[in-house]
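Both complexes shown next keep subunit A, but they swap its partner, so subunit B is in the first and subunit C is in the second.
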Partner chain A sequence: MTGAILFTSVIAVLLVAGLATLASAQDEPLVGPKPPVAVKPMESHIGNLTGHAADAKSDYRRYCAGCHGVYGDGNGENAVWLDPKPRNFTLATFKCRSTLTGTLPIDEDLYNSIARGFTNSNMPPWNTFTKQQRADLVAYIKIFSPRWEKEKAGEPIKIPPEPPVTIESISHGQALFAKLECWKCHGTHGEGDGPSAATLTDSQDQPIRPYNFAGGGNDSRFKCGSTNQDIYKIFMTGVDGTPMPSFADVIQPNDAWDLVHFLRTLQVHRHGKENVVLMAAHGVIPPYVDKNAAPTAAPADNKAPGGGQ
Partner chain B sequence: MRMWAQSLLICRRSPRRHSVMAAAFAFILLIVVGASPRASALPAFARKYGLRCSACHESWPMLNFFGQKFKDNGYQLMNDRDAPIWQNPGYWPVTFRITPIWHRVSTNKVATDQSLSGEQKITSSGFDLSGLDFHTGGTLEKNFSFYVLPSSDPTASFHFETVMARLDNIGSSPWLNVKFGKFELDNLLSEKRILTLTGNGGIYQLYHFIPANDGNIFGQMGDNQLGVEVMGHSANDRTRYSVSLLSSNDGQVGLPYGAESYSTFITGSQAFDAGKLGVDRLGFYVMAGEAPTSWLTGPSGGGPNGVIPGSGGNNRGYSREGFVGQFYFGPHIDATVVTQHGEDSAWFGQGYGDYADGMAPNNYVPGVSALPAGSRNPTWNGVLIEPHYVVNPQMILLGRYETIRMSQQSTPGTPSNLGNITSYTVGYRYNPFMTSRAGFAYHGEYNWWHQDGTAPDNTTNLTSSELLFGIDFDF
Partner chain C sequence: MRTKKTLLALLIVLVCSSLMFAGTVSGKVTYTGTPVKQKPIDMSKEPSCAKQHATPITNETVVTGPNNGLDNVVVYLSSGAPDDGQVPSQTITYTQKGCQYIPHVLPMHVNQEFEILNDDQTSHNIHPLPKVNTEWNKSQPPGTPPIKEKYDKPEFIPVKCNIHPWMHGWFVVLKTSHYDVSKDGGDFKLPNLPPGKYTITAWHEDYGTQTADVTITGNETKDVNFTFKAKAY
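For the complex of A and B:
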């Protein structure tokens, strides 16, 4: 009898303890509305400008929160309708940087992104802001991720002076385009229709489309700028959060410039110096002959994909 | 939309010596004028681009600098998604706007048969409606934009307030854009995006001023006009210019007035980055042109005087010019200042002009009509100051002071202050939510308006006031 009482008591204690633990576990998650955003005293420094996060609170709410969300998580009320999705600032992963892949961008990168906008997204150029407004917003973006408190921004890469555009540099760039397998995503004619294009997703598993060089007119822009230096920067730093890797460890600076010159010829509606050189060569890119190695096969054909025609 | 403005507008614009018939036609005309809607916010744009209304509007419907740039770009953000091909095929860029209100209107002197003095104070209040606007606009293709705005008075009688097509960024340059049709003049302080709703506070007095007994209705720069506009701006919209060629018909369709009378409207402005203060802008405008003073009449004619439409001739000149300043004093306080110097031909000042609608009592007859001895061009000066306190993107407090002072009367000996106007307006607008789907504002406003010497039956002053509360919404 005593054993039965003892057994029953132990079971009862265990049951109560178990239920208490369960109840405790159920109470643990935070429920209810999110707390207000705490504006940390973050700063940005762009030249002589110093931005203060607190000064951008109203502007962020007015201009940015609809897409990027009050909490900077890319879940603003309009986000569900947008493609590509707005940047999630809590991850502090940024596409357009002058720093190496995986590192935080410098403040000027974000400052320029705000003014430039992203041409293939719903992010417009906010170039009507004052410089101070933009600097303040850069500081405000930093409140959403602890990375900004733990890490320093990366070192900007050095961009060597651009060499002259020649048919040889274009030819070499074409060979690199094949060798580095850029065509697998961007397509042999740079139309964003390579064999891997349909399978690509970004770091948040959202479908993503490779850049279509052939689309757009004379004034077409890239996501991260419109100059040759911007293109150079894009594939030397990579586009973080996307399948576009950094090639900084793969190619030398002069080779990178040759690739830039070839990529420009894929913009068939652009009246640039690269297409002028190509036209002078009757629209035909000669095969690249590497004096130090065996020739590399061109991706599809040896004719420029529309450039100079 | 501003139908509650009618009585006051009539008091201001109709010379006392007009006939009852003329007044009736003036009433009809002013129903149309008074019903002129504001361009307002267009949630259709916000839906297209996924931006909150606050991105483009300092307070809906008044544009901020980003919204002004969006408009100047032809309702485009200038990314790759501007063409309609990027939209869901079901997307139809249409928005309606209407405002139920309660208001109390008081006018100190209204002509009446029941009063010994022929005039008495009238105060009335009640629930009311604005007219209804259907806004549709956007891009037909990249760099081809349009705007169509059928607008009704409160009885659902529609007219086209805006119909325009625009070629944007011609030659890939923001410096060349061409607009064609009926549109709002390129006023930096847009009356179509005004934040106030009362009869006299819901318009800019400066944009509609006509001296007492003057017959020129054609210089109202607040009214949408028919014509063509060439406009350009820098990439960040800091520098802007526009030149318009307009028919001198105050936006009325059907060639109802002059046979060959045109006006022009020219603006230019430069904005500056003022650091922590914000972006400040300085600009100018000039409206100058000619409008008819003589009309053919006959059995086939219309209006109160049997005027044959399109027969107006003997054009006379007029001009309006001034400066505009938009000053920001940090994120919460800003003020806009508009000045004006105006001048009409002495013929207008002597009651020639819009004889077709009976707004002008006199019809110029070549070889017969003559100006009274000593007649001069009426001239005036005015200023408008509109400060705002933006509490946050959802709440704005606003005020306005306007004054217009005659500097020269057309008829010597006329009291120098005849027709002078003073107007004060204060109000607030609160948007309880901000999304890209709809606009909604609780609106409260008070206006006090005063004009010297224009009481209907004597030469005393006319004063009116209006208190208004409403719910302004669009979807």
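For the complex of A and C:
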């Protein structure tokens, strides 16, 4: 009697296991390369949220794979129609990071990118997902590159507190914009029409335009966030995979804030504190005078250019 | 005790022989056919560079010398010599001068540190485009300190400057310290090779790769030549 029950249960277990294998086998495409058999147990940590790759599999296939591809290579069925192209997660190169160029972003960077979407691209803001779903998706895209298993994310750059906006800081920012040759791509008025603009390509050899600061009226067009801190991060970390390099080794932290203040004035239609300060100076940015430089010759009269406030 | 002594003796013999019988492979890289004419570069958008060249320089994709010599070919030991993991200690440099990369092709050992210098009066951005190693992109305005970098995996990495689209070069990261770049009309030399059977690979950025097998038995110089077929376009 016990033997018969044991036998039946063994058969039942085998049957269930068999059906399960069959069911999972049917998910696999009949042709083409096989997708990863099991989801790698990757995790993400955002605040006190923990994302698990396995939990994002169906979301990824439902919402992301159409563009980014089932294999994360950016070759989803919609990809041929899109410009800019969907991110190829197998390269683990990301535009919006708070970490230095060449390093992996922190989980929060990816989490924010999913929520924010990418202006001027087909990536919408995925604010319809719950926080947990987004955290799971961050973990899921890590299965596509071995870099996530071998390397740690980069150290987020340190951003000192923002000093007050003054006409001097804007003036210094303008001098930096000229000295660092930002205008070679972005143009003297930040309209994205510098002498090198027409020849730019991204790392996948796709044409790419430099950012036009002057176009549009609000901040939402910044790809990696619209606060002054976000702009600070952009030129310190660089936008990996694009022609925009990192200036972290060549700009001092406080100089960087001056550059942010100047860049804001290039957004001519924006009503920000920087443009208020500029208006107060009658819309004229005085030439920058380096106070630390060795004095060359005393000015002939007392009218130093610009004066100050 | 006896085995120890024998081993020691063997070791001494081995070390001595490798020192005494260091072979050399030398030769010439040539091409057949007609290489594409290299176009002169218009640097008018960067006057500070343009004025450094009395006559406009050309692309360096194919650099030839007399008697069909082919320069900028990386010749290296691709197998036969186990890499001892010894990273060469000398500093190698990659200089941006006259909006040109000098040298055009920079070979290096895995994990060997190299320095990137900007000798120009203009900003460059150094943007190597690796697929296996990690991609980065750094700005280097005039008068800033050298950028120090290294790569941890072997790879042929194209390098470009996005600001000056004509600037192209290569980082060649190898898992051997036996390499040379053909110059002065295609000449190359791989000295200090211990006896052994080797495969030597010659790589050209446009014409591809070729290999040759060579056996070094003692203190000798073996002649190995490579001939690439020039691409018509």
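In this section, the second predicted complex is superposed on the first by the 251 of 309 C-alpha atoms of A that agree within 3 Å, B and C clash if a C-alpha of one lies under 4 Å from a C-alpha of the other, contacts with A are read in each partner's own complex, and residues count from 1 in each chain.
Everything below uses one rule, namely that contacts are C-beta pairs under 8 Å (C-beta built on N, C-alpha and C of every residue); 3 or more make two chains touch, one makes a residue touch a chain.
Note that the coordinates shown come from a computational prediction; the quantities given were computed from them, not determined experimentally.
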(request) Determine, under the contact definition given at the top, whether A:Gly102 touches first (subunit B), second (subunit C), both, or neither. (result) second
(message) So in the superposed three-chain picture, is A:Trp81 touching just subunit B, just subunit C, both, or none of them (first/second/both/neither)?
(response) first
(message) Quick check on the superposed pair: does A:Pro195 touch subunit B, subunit C, both, or neither? Answer first, second, both or neither.
(response) second
(message) Once chain A of both complexes is superposed, is A:Gln252 in touch with subunit B (first), subunit C (second), both, or neither?
(response) neither
(message) As a test of reading the superposition: which chain, subunit B or subunit C, is in touch with more residues of subunit A?
(response) B
(request) Figure out whether A:Asn48 sits in contact with subunit B (first) or subunit C (second), or with both, or with neither. (result) neither
(request) Give one of first, second, both or neither to describe whether A:Ser203 is in contact with subunit B, with subunit C, with both, or with none. (result) second
(message) List the residues on subunit C that touch subunit A in their complex, please.
(response) 45, 122-123, 125-127, 129, 131, 134-141, 144-145, 147, 162-165
(message) With touch defined as at the start, can you tell me which subunit B residues reach subunit A in the complex?
(response) 49-52, 54-55, 65-66, 68-70, 77-81, 172, 235-237, 273-276, 278-279, 331, 392-393, 434-436
(request) Would you pull the subunit A residues touching subunit B in the complex into a rising list? (result) 55, 58-59, 61-63, 65-67, 77-79, 81-82, 117-133, 216-219
(message) Under the definition above, what is the set of subunit A residues touching subunit C in their complex?
(response) 91, 93, 101-103, 147, 179-181, 184-185, 195-196, 199-201, 203, 238, 240-247, 249-250
